[in-house]
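When the chains are written out, they are named A, B, C and D in that same order, and each has its own residue count from 1.
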Amino acid sequence: MLRMAILGCGRIGQVHARSIGALGGAQLVAVADAIPEAAEALAASTGARVSDVDAILAARDVDAVIIGTPTDSHFEQIMGAAKAGKAIFCEKPVDMSVANIRKCMQAVQAADLPFMTGFNRRFDPNFAALRARLRAGDIGAVELVSITSRDPSPPPVSYIARSGGLFRDMMIHDFDMARFLMGEEFIRLHAMGSALVDPEIGAAGDVDTAAVILTTASGRICQISNSRRAAYGYDQRIEVHGQRGMLRAENQLESTVEIATETGFRRDPAQHFFLERYEAAYLAEMRAFIAAAKGEARLGPGIVDGLRAQILADAATQSRETGQPVDLAAD
Amino acid sequence: MLRMAILGCGRIGQVHARSIGALGGAQLVAVADAIPEAAEALAASTGARVSDVDAILAARDVDAVIIGTPTDSHFEQIMGAAKAGKAIFCEKPVDMSVANIRKCMQAVQAADLPFMTGFNRRFDPNFAALRARLRAGDIGAVELVSITSRDPSPPPVSYIARSGGLFRDMMIHDFDMARFLMGEEFIRLHAMGSALVDPEIGAAGDVDTAAVILTTASGRICQISNSRRAAYGYDQRIEVHGQRGMLRAENQLESTVEIATETGFRRDPAQHFFLERYEAAYLAEMRAFIAAAKGEARLGPGIVDGLRAQILADAATQSRETGQPVDLAAD
Amino acid sequence: MLRMAILGCGRIGQVHARSIGALGGAQLVAVADAIPEAAEALAASTGARVSDVDAILAARDVDAVIIGTPTDSHFEQIMGAAKAGKAIFCEKPVDMSVANIRKCMQAVQAADLPFMTGFNRRFDPNFAALRARLRAGDIGAVELVSITSRDPSPPPVSYIARSGGLFRDMMIHDFDMARFLMGEEFIRLHAMGSALVDPEIGAAGDVDTAAVILTTASGRICQISNSRRAAYGYDQRIEVHGQRGMLRAENQLESTVEIATETGFRRDPAQHFFLERYEAAYLAEMRAFIAAAKGEARLGPGIVDGLRAQILADAATQSRETGQPVDLAAD
Amino acid sequence: MLRMAILGCGRIGQVHARSIGALGGAQLVAVADAIPEAAEALAASTGARVSDVDAILAARDVDAVIIGTPTDSHFEQIMGAAKAGKAIFCEKPVDMSVANIRKCMQAVQAADLPFMTGFNRRFDPNFAALRARLRAGDIGAVELVSITSRDPSPPPVSYIARSGGLFRDMMIHDFDMARFLMGEEFIRLHAMGSALVDPEIGAAGDVDTAAVILTTASGRICQISNSRRAAYGYDQRIEVHGQRGMLRAENQLESTVEIATETGFRRDPAQHFFLERYEAAYLAEMRAFIAAAKGEARLGPGIVDGLRAQILADAATQSRETGQPVDLAAD
């Protein structure tokens, strides 16, 4: 039985708490949040005790921590958890600073601890099935990966100021997915972007519509496009073209119902809310972390994946700002 | 070069004339119609001469006739053409009387002439592809055939009075398709029907919405449903369930375009007009007739198929009226 | 908090136990099963006490019972629960005998107790969405309902002997769905069926492939087809044709992934296992029962729906055996 | 009646000859080809006379010429036709040299002659329907255009040597489509490409897999990807994302048939052959040219469109070779 604690009892912390409750093999023993009411509410619904970060890191009955606090707390909590010898699950981004992520990586590796970065989309059953077929060779060698991600509607401009911008808070998921599918690191990237959805986003120095192309050393290509708006739901699609064919993962619609009238054949919009769209992914992600923390399975996306994705997000931000391609160090 | 004449220069006669023009290996030499202007118009656009039925049957430069006149003229024209030794293509229904069709069949068989019944749907590329896979064993033995046919909108009640009703003018196509796909004759049938679209149709003694179930001697089952109305276009679908799977032919939509908005994902309506929907089928049908009349290919649906479909249409009409199943003689 | 007990700890009892655990507002307090180990296992995983039927019916801390025992126990348990004043959820079929169902209905109505029949498909999110649109008038008045149900593979012949045959154990779900969608009772029915999948099923006097047509007093038509085998998964589809268009609920596939290779574009099979396919339906069903038992919501399918479906299943069985249509009493 | 001549009796010249035959309002009077047998064959099947370029340009009974000769003959033939006052239809590319296209443009404009560039895809019914909805405002302002084009299999390396490479012979169609849909010129472009399909193509200095991103002055973005290989047919898709939704044009499959077996649901491959896939487009294109040449309709893609697409193809070629973005002059 893995004894777990949650740092940060907001929306994503609550999701993980529910997953732990639904899964076997783990137990939520403690929760902490800067807002006492948040911690108390989650404690009440789960039976965990209310605690604080320091106490949790010091607790002998906590094997693993889930870090779902604001990004600027991650570094300190990861370093603390590494020192305390806890298995660590940390939401993306690991940190806004690549240098800090490297420090975390060293600490985690030195302590030889399980660490998983919260790239939940790797655990989406559709995307996971697509990748399994890719790895099984169903379409031969990968030639071009194409990822489309569109949020239903833009976040408040205040969020964007904090988030580091579209490439760091939104496309970072697609960068991780691109790496996950490609199986080879990218060496060069060019990003273009505009504020077409909301001029306030442009005024804040960010974009809301963007396209990026990337290549690997062997010449494989990836294209990613993002928009902060999609009238028809949360648009999450992947297409991989290979030697012997193509694999696509289409959107999850609200139902399988189709209506045919004089205007044609209409199916439902895509599921709108990310927690609904990725419900199965969040559950599978926590199952994977629990298994890995117990040494029963290989780890999912590690801290190095958090690092790589952040490097790509930084590079895309720079490319968009300078209008020039960016070469990515082999590292 | 097959020398052909068209009896009946209405809409369907014009379709066949265009097909002959587009295909090689045949030439339209003469046309006839009770309305002189109709014959003259078709003659003008094709280069054929205006003639009349008797002259065409007597003409030495006519090898084959296409009968597209009103149904009540078919019998006399078929008997005449058989006597004159012409290859015959006749639109469905061959005749409203099964007894008359049998007489035609005897005459045609005695004269050993090519005869093709105008069941154009057998030549639709989609349905033909479905059947080819069926015959190739792609889903193993057939267990259940399901056919859905819905016209975009009901014909005038005056037409229904002449046509013999829904089972004889509309579902007859589906009875032929069912036989074509099943590869075994039906032995029993039960039909239900109602006038839900237009009460005038009910007042005229007919139905506009109907469902029929049929079985074969080996226990295979067919279900057919028809409606005289479909808001979303000309609905023409086939589904065959077999031992190892299912084959479906879906509707042909007006385009491949899909629009996604806040109400969902919408594709175009099905093609509305039967001449557009079955354009490729009419061309393939005439190609098949020309080849068969020249002895280069096996015949498509023969007069026996026209007979069988009419027997099924009569039985369905009777079943609907009496509320009882009808046994079909082995013949 | 609704205090619940489960009679019958087999597969379906376990599903309901999980649902109760996942939902709020109810608590599983006791479980019973003829096989002690089954009851003990479910008790262990839920925290409920092991008990027996009599003790449960007598228990003051049980407000509602879920009857998931073999069908031949239902009658006695329903009568007992009605006498004990418990809210009742009973799996279909309520009883194999229409006379017994009527007695249960009288007892339940006399005691004025909440009773729900386990027609889980009404709670499937897709089918429920389809019906909501139907009721909202999105396609106008219903004209034809078409239901296709195919199991992935046939049950053992031993099961069929007990189950009352295809119309009573399988198509009964479709009869209920047809009534649910049609909003009007059926007055006449004709069934055809054959043993095409497994000759042993035929030898046992049952069929494995069947089609039924039904009509209502106002002339609306329903067609249902069933097969005990579907190579491509658990095939569960509904199509409703109406005045202004058509509504369809398509199958739930294993994923949204499509692969395109030289043989074409291939999507996944339909979900195979009924517990997976109807997972969301089972949860919604139990949520509805709990709410109704607490008086917070209207009841779902009642005992009268169990009765009506059984009457249709009996009639279809008779029609298939006699080859004649069956008139259904207005009751 | 527009009197037309065809220069170049190869595959595409034959397509246009068939279109003229099928359409009303025009007559093919003369054909010419460097290979006498080719001209004679086309003359024989159409009734046109065999002639040569000079005689056709001098002929008083020729109103319009269709130039379907090898690209290096275009310049001289366009200049000659312009001097002779003929309406001109010229296959893409107008010329490999932008400077030459500008000279042609001046000559054509000075002579005030109808000129149409053979960008047939603008006339594809699906793409035309997509654009019509875009112009009708169905998804509001365009934000991102995404075009995918994949040929079934690569051309011989010898062709690539002549063609100017992937961006000039293949992606040029997509550049034209992007301009057609965007309604605003591009100002900047970045291209990446690799030889993944055939190393010989790489050895010849070209690529067979490529992705390009482009932006307009107002910040709209376009992404295009090309491959010289697609196992599943001729892949031709467009997706436009806008303010209020998304428009997509999907592939035309070989039929509407779907087969469901234990491996899932499989539809046909996309139509393979470009003449089949764009059959309707070629016909509509010629209809448009005939109408425009007769002054009855506005012209389709003009010589300026041929120029713009060539400029984009040159820029993409340069960008791919240098690894740097290219700014596009306002012109």
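Assume a residue touches a chain if its C-beta (ideal position, glycine included) is under 8 Å from a C-beta of that chain, and two chains touch if they have at least 3 such contacts.
This structure is a prediction, so every number in the text was calculated from the model and none was measured.
The most distant chain from chain A, with centres taken as the mean of CA atoms, is B.
Just to note, of A-D and A-B, the chains joined by more C-beta pairs in contact are A-D.
Centre-to-centre separation between chain A and chain D, using Cα means, comes to 42 Å.
Separating the CA-averaged centres of chain A and chain B is a span of 58 Å. Along chain C, residues 139, 231-232, 244-246, 260-262, 268 each make contact with two or more other chains.
By the touch rule above, chain C contacts chain B in their complex via residues 139, 141, 143-144, 146, 148, 150, 188, 190, 192-197, 209-213, 215, 218-221, 223, 225, 227, 229-232, 235, 241, 243-246, 323-325.
If you check the complex, the residues on chain A that touch chain B are 231-232, 253, 260-269.
Of all the residues in chain D, the ones that touch chain B in their complex are 22, 125-126, 129-130, 133, 138-139, 244-252, 254-262, 268.
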